[in-house]
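Have a look at this one before I ask anything.
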Amino acid sequence: MSTLNMLQAINATLRAELARDERVMVLGQDVGRLGGVFRATDGLLDEFGADRVVDMPLAEAAIVGASIGLAASGLVPVAELQFLGFSHQAFHQIGAQLARMRYRSQGRFPMPVVLRAPFGGGVRTPELHSEALEAQFVQSPGLAVVTPATPADAKGLLQTAVRSSDPVLFCEPLRGYRLVTGEVPDEDCPIPFGRSRVAREGDDVTIVAWSAAVQVAEKAADVLAEEGISVMVLDLRTLVPLDETGLIEAVAATGRCVVVHEAPLSAGFGAEVVATVNDGAFWSLEAPVARVAAPDTPYPPGRIEDLFVPTVARVVAAVRATVKAG
Amino acid sequence: MSTTRPAFTPQFMREDGDAAPWTVLRPDGQLEEGARPTLDDAQLREACELMLFSRAFDEKGFSLQRQGRFGTFSPVRGQEASVVGAAVALDPQRDWVVPQYRELPALLRQGLPLEQFMLTFLGDPRGGLAPEGVNVLPIQIGLAAQLPQAVGLAWGLARQGRDAVVLVFCGDGASSEGDFHEACNLAGTLGAPVVFLLQNNGWAISTPRSRQSAAVTLAARAPGYGIPGSLVDGNDLLAVHEVVSDAVGRARAGDGPSLVETLTYRLGDHNTADDARRYQPADELESWAPRDPIARVLAHLRSRDLWDDEHDAAVRARIGRRIDEAVRTVEGVEPPGVDHLFAHVGEELSPRLARQRADLIASVETR
Amino acid sequence: MSTLNMLQAINATLRAELARDERVMVLGQDVGRLGGVFRATDGLLDEFGADRVVDMPLAEAAIVGASIGLAASGLVPVAELQFLGFSHQAFHQIGAQLARMRYRSQGRFPMPVVLRAPFGGGVRTPELHSEALEAQFVQSPGLAVVTPATPADAKGLLQTAVRSSDPVLFCEPLRGYRLVTGEVPDEDCPIPFGRSRVAREGDDVTIVAWSAAVQVAEKAADVLAEEGISVMVLDLRTLVPLDETGLIEAVAATGRCVVVHEAPLSAGFGAEVVATVNDGAFWSLEAPVARVAAPDTPYPPGRIEDLFVPTVARVVAAVRATVKAG
Amino acid sequence: MSTTRPAFTPQFMREDGDAAPWTVLRPDGQLEEGARPTLDDAQLREACELMLFSRAFDEKGFSLQRQGRFGTFSPVRGQEASVVGAAVALDPQRDWVVPQYRELPALLRQGLPLEQFMLTFLGDPRGGLAPEGVNVLPIQIGLAAQLPQAVGLAWGLARQGRDAVVLVFCGDGASSEGDFHEACNLAGTLGAPVVFLLQNNGWAISTPRSRQSAAVTLAARAPGYGIPGSLVDGNDLLAVHEVVSDAVGRARAGDGPSLVETLTYRLGDHNTADDARRYQPADELESWAPRDPIARVLAHLRSRDLWDDEHDAAVRARIGRRIDEAVRTVEGVEPPGVDHLFAHVGEELSPRLARQRADLIASVETR
């Protein structure tokens, strides 16, 4: 075990995967000499050379499109999108191309491609750098959408992502990059997709979250514990595939549920959580499932982003209301 | 050969702005002064047969479509020299073709069974499978999306030491998409062994080339990516072959990508759902008829006694039989079902997908 | 009143809006001489000239990006995306640019832009032409997402869209273009956004749908009526803004709800419907809300698309189960 | 004037492939043989003051940012001639500037109050408002997205008979994006009155120009869109002004768009969050120091007795006062609140948004 932050866990995992399998490549804007704008790829160029760690021109669609071709040629590209907000420039290469190539070619061209991208707010970035856009990718059949919240999960899920023969959008919580630290196994620890994690046990209510919202949920749980409300926190870890069983059991166990996410409310992935719970745990529900999310407004500039991104206080209030309801 | 085409000093850079495409075979089937064909007699006859195959399939496809036995598809008609001339510059054993959607003969040359192509246009997902060893990517409907993919493919093959060149097709319309730019530029920076074959057939559905871009030639974009560009008569099998062969040779030698624009013409409807008479000027269409790429090669072959009526009849009969055989085969294929919605979505089915599959099967059975 | 199909209603409305306001322009691929691949803009070039009805190069991002600039200059562009599937090529110009320009400029540049795009399946198109992608645009704060199901709504909603100072994604049901006909008022009839329409009254269960799924729901209702099940059909008409009140009342009235949409299940807009109902009508629900949607797979080729797109039979079965549940 | 620059016969088309940028003012501040400045004395002094203003603000911004009193921002340092030379070719009354994010002095020249720019980088949404009559679009973070928007703006203004030209900025990095291509090509087909000012400052964050494209010059892309292109010394105020003035004149005369590449250099960090020493070669950085665009104009002005120590001191004092005043003003602005999340999302708030607003206000109040 080592104590690492998210960035260190990601960096170490990329290094190990590059060393493990020479088909693996890292590519993206500024991933080479600079080591990425957050240093997630720090040192990789020196260690593995410019053939395997490649600074790309400033063109997201070309980065994803080229990754598709690299994969078709037999390599395993791990591409970085500098911010998830700029995935939109490559949107047509993701859902309609990358995610669909295996189906289109009827299995001839599996797509072992990882798209890594930091996302999420709370760190005063310029415009378009902080949006939580994960739900927009869920309707890309064929694409896994992975949202680790802890360094250990970042390692385990990234290992699985790199070793998967299917494409993965790997969303890294910007806010947690340096702030969130934790114990990370030194040995191989791939975590299968589609298995949620009970981040904290509890009896009265289940908070469902992913990525940086998990820590918000945990802090809310701390506050609520002092009031005698026992909160289970479920970290979905992957949105696609979704751990339906884990989710339904976790909600059925408490009969009450609050979903927390950074994206705007409407059509956020929280809606899918509610719908899945409605479908699988309806008869256990003692209160409506509550959603704590950002408002349906543009991600705002830094001075007011703390009003936008769901806070511990808003989660606490929603849990209190949910526990009282019914 | 001492004609004026300076290999890869593209014509569009001439001071007078004239954009004369490279020609080898004149419309009457005679070679240009001093030109020497880069295809030998056997190759020429083979290429001609492939062009005829393509034309015959276009006709069959249209008539099948009118009978409701085939889906919406885009004929190659008029562009056979452009597609075949480029394709025969490749070695199918090691080189790759990345198509747009109007390049059937190039796919056949690479070894794709006609049945696969037909299945695709019959709306059968299984058409997407190119057998292992057939070096092609699936046809592309999202225009220009294939271009960065082809660059990645070429780059990846080169990185693995394969001696491969990737030939990627796109249209004049597709060349307006951002992906065209990003792909050409990336290929330039990587020196990837890829040949961009831009088929300028004058139209993107109803949009004429003149509204697609103010550029005198689209090949003129090459210097903006630091790669060689060339403009070639796209209805001239030998010219296309010569220029693409040069480009393939350069790519194979490690000298990087090229952009080749073939000046050709879409002789008729965009696809079986289109009615080009709404917008294609009749006189323009007529002006291209004498430049028919197949007639030109046939005239050449006949003038050199490499083709006669007997051979012609035999070739056409062979083509007809092969197409009929493919029609029979694909029409005999068992229709796809629910399984074909779920197969190949990913390596395995998630529990949610497995449940959806089971539910769908149940709902179909109770119907 | 005139009896028109969807295309005729759209064509007539565009013609009238061009005549009404000289700031209005129509632009897109093949919208001029050809009149659009479906003839939605037929005759407009001849009537209004090449200055106002403009064939654009094959570049979706430029079409949307230029529309933003045209709007900033004081004009009212109505752009056609040939198919919604190709909106992905312009995705970065839609959510992050068009939808956000008013906010970014703090009101200086409202964006009276309409993006029209046919979508939806069942008509044997080539790949990427049929996807129901509407949910991917809901998380674009600032953008209205409009999904008419009838010719009258197409007219009324398109009038509102063209006259709105905010951007609108106007999704036209490909399947209904020629098949769906109806009475259309001859006079002005703008329909405010955010008002659902009760397409059919009923007591036992409420089917919620939009676009081409409305007709599927209505047919299912016919079938179910014969079995004595009285079905209300609610047509949302606009997804953003959502008629929360209308939706909640319609579901509360019957206590049972089935949502039908063409998009894949996971994170489809049906999830938002379930979540909104859960929030507002939980205590009235006598059974879980059911979703009838496409599976989470790529939109398939024509021969199997009827297995993919929700059928009357699947809706009927879901309604029966919902009525029995609880 | 009989030098070698053939107006808008771009240098990159010369047979020898040499890409010498157009220069008017030599690095020592002396005019090139036979050159005649296109700015009169008063204009020159004004432009120089704007460049000094920009440099002073960069310094202030960095130091405020280090004190936590300003957000992440990108200095203009090194590119002042490129930005100011282009901006002063416009008539702010009728012409427009569409910025990327590194063009403060162009926005000021158009009339944008410094306070607005500062508010933006303080993370205040209200910074985005350019007062009515100030012809600028907001700064752009999504690289190259501004380019098709600028084309639409120019097209729309022209269609309404306004006598306006749109000057749109982008970087060498942004020029690799698909939007660059789509915008230039569209502008060409429309003949829109837009000038694309491509600032090639050698870097896109850590990515050097050499990895961005294999093109000898980026201006070489112009013929691919059928528009004139030009390469100009971007550290030469007069050269930039002359070339951009030509382009503006052409646009105003109805002769359509142009692409101008300014060869300049980013003297230091990409922004306040960057550490360029990780990747910017020290010797390269040093080699550009003597070409500092401000020193060059100052030397010229001094050599012509248009600038002396006294004037210099007065100008710098004036600039300092203005910046201090702006700092005071923006620091005194009441912080934005929940209302600023919801204002200007759309013309009106939907019921759902209104409820979200009420809920948020309630949750802030109970905090």
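Order of writing sets the chain letters: A, B, C and D. Residues in each chain are counted from 1.
Here is the rule we use: a residue touches a chain if its C-beta (ideal position, glycine included) is under 8 Å from a C-beta of that chain, and two chains touch if they have at least 3 such contacts.
In this text the structure is predicted, and so the values were computed from the model without any measurement.
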Contact network partition after chain A is left out of the picture: one piece
From chain A, the most remote chain by mean C-alpha position: B
Whole-Å separation of chain centres (CA-atom averages), chain C against chain D: 40
Where chain A and chain C are represented by their mean Cα positions, the distance between them in whole Å: 30
For chain A paired with chain D, centre-to-centre distance based on mean C-alpha positions, whole Å: 36
Per-residue overlap in chain A, given as positions that touch at least 2 other chains: 57, 59, 61-62, 85-86, 88-89, 92, 96, 103-104, 127-128, 141-142, 240, 242, 266, 296-298
Junction residues of chain D, two or more chains touched: 125, 142, 176-179, 181-182, 185, 189, 211-213, 345, 352-353
Residue ranges of chain B in contact with chain C within the complex: 71-72, 101, 120, 122-125, 127, 141-143, 173-174, 176-179, 204-207, 211-213, 273, 278-279, 335-338, 340-342, 345, 352-353, 356-357, 360, 363-364, 366-367
Interface residues, chain C side, partner chain B - complex: 29-30, 32-35, 37, 55, 57-62, 85-86, 88-89, 124-129, 265-266, 295-298, 300-305, 307-308, 311, 313-314, 317
Touch list for chain A against partner chain C, complex: 85-86, 88-89, 91-92, 95-96, 99-100, 103-104, 127-128, 133, 135-136, 138-139, 141-142, 240, 242, 263-264, 266-272, 274-275, 278-279, 282, 285, 287-291, 296-298
Interface residues, chain A side, partner chain B - complex: 51, 56-57, 59, 61-62, 64-75, 77, 92-93, 96-97, 101-110, 141-142, 144, 164-166, 194, 240-242, 244-245
In the complex, chain D residues that touch chain C: 125-126, 128-130, 132, 137-138, 142, 145, 147-157, 159-160, 162, 178-179, 181-183, 185-186, 189, 343-347, 350-353
